[in-house]
Amino acid sequence: LILSACTDVDNSSAIKISVLKYGTVNWTLETIKTSKLDIKNGFELSVQPLASTQASKIALQANATDIIVSDWTWVARQRGNSSDYVFAPYSSSAGSLVVPPGSSINSIRGLVGKKIGIAGGPLDKNWLLLRALALKEGVDLDKQVEKVFGAPPLLNNLILQGELDALINFWHYSARLKAKGYTQLLSTHDSIHKLGIKATIPILGYVFREAWANNHPIELNNFLTASREAAELLCTSDTHWNAILPLTRTNDAITQELLRHSYCEGRITQFTDGEKTAIQKIYSILASTGGAKLVGNVKQFDMQLFWNNPR
Amino acid sequence: MPRSSFLNSTLSLGLLLLIWQVTAVLVASAVLPTPFEVLSNLNSSVQSGELQHHLGITLYRLTISFCLAMFLGIAIGLILGRQQKTNAFFDSWLIILLNVPALVTIILCYIWFGLIETAAIFAVVINKLPNVIVTIREGARNLDEELIQMAKAYRFGRLKTLAHVIMPQLYPYIMASARTGLALIWKIVLVVEMLGRSDGMGYQIHLFFQLFDITSILAYTVSFIVVIQLIEMAILKPLDKKSQRWK
Amino acid sequence: MNKLSIEINNKSFPEISGKAAFTTIKNLHFDVDNNEFVCIVGPSGCGKTTLLNIIAGLDEQYAGSIKADGTDNGIKTSYVFQTPRLLPWRTVLENIQLANENEDTPVTKIEELLHNLGLEKNLNSYPHHLSLGMQRRVALARAFCVQSDILLMDEPFVSLDQPTARKARTLLLELWQAKQRSVLFVTHDLNEAIEMADKILFLSESPSSVIDEIRVNAPRAERTPDMVATFKGQLKNTRQHLAHLI
Amino acid sequence: MPRSSFLNSTLSLGLLLLIWQVTAVLVASAVLPTPFEVLSNLNSSVQSGELQHHLGITLYRLTISFCLAMFLGIAIGLILGRQQKTNAFFDSWLIILLNVPALVTIILCYIWFGLIETAAIFAVVINKLPNVIVTIREGARNLDEELIQMAKAYRFGRLKTLAHVIMPQLYPYIMASARTGLALIWKIVLVVEMLGRSDGMGYQIHLFFQLFDITSILAYTVSFIVVIQLIEMAILKPLDKKSQRWK
Amino acid sequence: MNKLSIEINNKSFPEISGKAAFTTIKNLHFDVDNNEFVCIVGPSGCGKTTLLNIIAGLDEQYAGSIKADGTDNGIKTSYVFQTPRLLPWRTVLENIQLANENEDTPVTKIEELLHNLGLEKNLNSYPHHLSLGMQRRVALARAFCVQSDILLMDEPFVSLDQPTARKARTLLLELWQAKQRSVLFVTHDLNEAIEMADKILFLSESPSSVIDEIRVNAPRAERTPDMVATFKGQLKNTRQHLAHLI
């Protein structure tokens, strides 16, 4: 009986996903739930809200969930540690470098000698790409600016207090600053383009175990479809957008609008080999700037990490 | 004439609120809300029932892990404090256990047991336990040998010696680790809940932190402190009084 | 219990920082007969307390043996320590009851005993609220209540005023006669020793051993102050080597 | 015959390593590396000089805040333990201070002072201080009144009474809070460095955590534990021995 | 210092859980003349220790006044407590030196004193490694070293063997004669009191007050055991109300 109960669970069409409670992914997931997109697509979504991105990574490691949201650098490195994680693109929303209104900084050179806040630490993609770009201009940002690493919300608040000259932060934090009149000097995609890679690549994606995916290919694909549909709804239907407004946790209409705009802009419209090779190139740039710390023992980017239906 | 204890604590809390209010007004920043803002936030969290839910769950975890950690800690601390050889052997284990970052133990617990309640509670116990052991061990090392001899001469037996001779002497150490322990467990529960639970104060507070909603964080903190004050007044203070009546 | 034979060949305290190893007792042998009342007299610091601790089984770091009836099974002792050693967090009554739990001495008996010792008003006092003499009386009551094979008493009647001490002595003798057991009684007061003892042991300076053993044969009723003084006088004259202890 | 203390700790650590190794092999997961992997990681971190740099900075912060917290904590704890009225007044402040989440104090410190060294150290002190106070207060409540009377009768004066009568009695409490304190400060320094410093063990460990690199985390942990063991052997144990020589 | 006048109208211990408020001393008045040696005798628990504590300034919760030379400025006391009260973490020598720091008594003097009390081998011992009688002697030495206006002694010579106690008594008298000061000496031993005192105060049961004051006028050299016995006999006959204390 117990055995049958177990197999029951395994064969069911339930998908467990662990995400940040107030993360943007949860907007999508909420919409899937409220619009019953999961049932319509033949699976059942169960969302486990968590309080930090680290928590979701632990959940995946602990086999306590099927899907989490993360970026491909992390997946690449974990595959190096013989974890069979796979990545399915979800969003291309990326962080950016913002400066206070009226700031004298208007180029990368202008950053020299200034105090820059960097969310996500020294291995943050945005920061590494910015460094790579600056190196091309002959500036070694790592040595020539005063770096302040810290927690994203804390840094946001510090720049508001005027303690920082510029800030690299995740996109939804930047959006809140932009709503207050802060200028975006450079987004991650700008950096990528300036580095000579002409593709808009996904940044975040759904991450899951390959073994699990191979056992549940239909549910997974249905889920990915539902996710796209939900994003579509949020961007086209105000009713649906208004329904998830509480999750944005802001009452400021401008911020809300900015958030929606960035969210919609970040939808993945296509993911072809072009984007994949672009990611591969970017990875090698990151690897050369971030060094062994970032990539661990994964010297070669593993193209197998992208979800590509059952293999 | 001693001022009544009620008046005393009202005065003391009043002064604290005043300092807070004045600082908040002077700073005038979203980062330090006034007491009033915090209280009204608290009120609305209570109205929505959200706070009770998360507070209840955290208290549940706190109670279980506190009891476990204190019980085991007193037992182990007593053994290590009384038996030099055992202590010499396990001393370095204790130091390691004390100094493994909470992060490491929490992650390992979650990964081994899964993201379940047991893992969370176990992680808290593991983090609190060595502190209790170390404190009680100091106490056990400083027991009054004369009274223990007396107990031996009059054949008190193990249990009676423990209850009537050793425990009353350990009392201040137990109180110290109970008081600091509640606070420590509370701090660890916050991390434990942040890293792998979908409810509890730690989960909520961390969410608020991501939104930089200090007012809500403080409201939740206040509610917890009220609970601790109640525990202090209803359990610890009377215990203190009872245990000091012979002085 | 019948005979108790005590043979301590060597008792020394190990070397500790600042103090060399110290031999307290060396070749100390004596027997205590069934129901005998033995007083021990010796200079301060010679090892009397150490001796009682060994007999009570509180100190096992010695060379020698304590044998009751020829075997060295545990002896049931009750012990009046040199300091009161009451549990400060227990009342007078509780302190006595705790030591008595195995025997279930009825409360009325304890109360009677405390009454005889002049503590009737302090049954529920905590030791910290008593004077030292009162605490000592509680410790006496505790030892008197417990049934034991041997009663060890380390200067039990100091810090008591004369009338109370007299009463306590009488009480002890009554108790001893009612429920026979051996008594080992350390005292510095030779008068007291002569008044109470069947046998008086004189110890030397440490490393201590028995330097003399004196029997007192007069029935206790006849041991008036005058008789005691005479006995002491005789002792002084006949036993020169004890002069310094008298 | 007591086994030599060196043999003893070798045996004890050996056993621990063995348990670790066996578990790691059984679990065979990236989450629990074998001791060997951790040591070789440690070795390469030392080679690169990185570990020394971060360890040094963390130890610097730890030392300053430890000394500050212990000094203030002993002073305040002693006052509160001896003066009932002061204690009655500040008791609730203490409970509040004990139970404000580390997150809150750390954020407030950073916001007020900026992301600077002082803020970090201040935040650590604020978090450790109430624990020291509570422990020492228990000790101060249980001082031997007889010896204090003696000191008074012989006109020892404040300083001499403190040094010769009170401190030796507080010693076990001070040791308990020093031992648990090093561990607690270390735990808090990790959070403090994680939230707003660009160097130190906490910063590094958090970085590793983002990459889920447990091996490096453990390597750093091991290095810290080695330092604590050295402190224990070079300072605390000899102190213990000295303070116990009269027993 | 000249005259010390002690007037304690009331000393009571407040009510504590389990015990009602308790009046220990009531209307206790007496004077101590300059350099007078006063012995205090009274039943156990009557309040002698409490009285000494009040005089030493350790207890300020009483109604009344302690006046030295008519003013109530602090009196410099040295105090032999009823228990040794040595700092366990300091050696014998350190314990004495700590109490003496203000006066800078030379070490040789302390050593001589300890030698006289038979402690020459234990200068660097810790109290826990001494017998109780030895600890009491250290406490004596401590009090003897300190220069003070008045010396308070609470049953200082119990737990000492007769020869040591005799030596200590002689030492105390010598010291007192060499450097005159007042002495308040609590004892349960009337012989000792008669041997030492200028004046003996008899206290009643608590609430205690002075029930009698006896002067002993014979020069100390003439106070042989026989003389003491005779004096005691006379006392018994002439002062019926003291009979129970003798």
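Every chain is named by a letter (A, B, C, D and E) in the order it is written, and numbering of its residues begins at 1.
One rule holds in what follows: a residue touches a chain if its C-beta (ideal position, glycine included) is under 8 Å from a C-beta of that chain, and two chains touch if they have at least 3 such contacts.
Since the model is a prediction, treat every value here as computed from it, not as a measurement.
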item	value
Chain labels contacting subunit C and also subunit D	B, E
Two chains joined by the most C-beta pairs in contact, as defined above	B-D
CA centroid of subunit A to CA centroid of subunit B, Å	37
Distance from subunit D to subunit B - Cα centre to Cα centre, in angstrom	17
Cα-centroid distance, subunit D relative to subunit E, in whole angstrom	49
Contacts with two or more other chains, residues of subunit C listed in rising order	16, 18, 83, 126
Residues of subunit B engaged with two or more neighbouring chains	29, 31, 107, 111-112, 206, 209, 245
In subunit A, residues with contacts to at least two other chains	54, 61, 151, 154, 157, 161
Interfacial residue positions of subunit D with respect to subunit B in the complex	2-3, 5, 8-9, 11-13, 16, 27, 29, 31-32, 85, 88-93, 95-96, 98-104, 107-108, 111-112, 130-131, 134-135, 137-139, 141-142, 172-173, 175-176, 179-180, 182-184, 186-187, 190, 205, 209, 214, 217-218, 221, 224-225, 228-229, 232, 244
Subunit E-touching residues of subunit C, taken from the complex the two chains share	13, 16, 18-19, 41-45, 47-49, 82-83, 91, 118, 124-126, 129-134, 137, 155, 158-165, 188-190, 244-246
Of subunit A, residues touching subunit D in the complex	54, 57, 61, 74, 77-78, 81-83, 120-123, 147-151, 154, 157-158, 161, 163, 293-294, 296
Subunit C contact footprint on subunit B (complex, rising order)	146-147, 149-150, 152-156, 160, 164-165, 168, 243, 245-247
Interface residues, subunit D side, partner subunit A - complex	30-31, 107, 110-111, 114-115, 194-198, 203, 206-207, 209-213
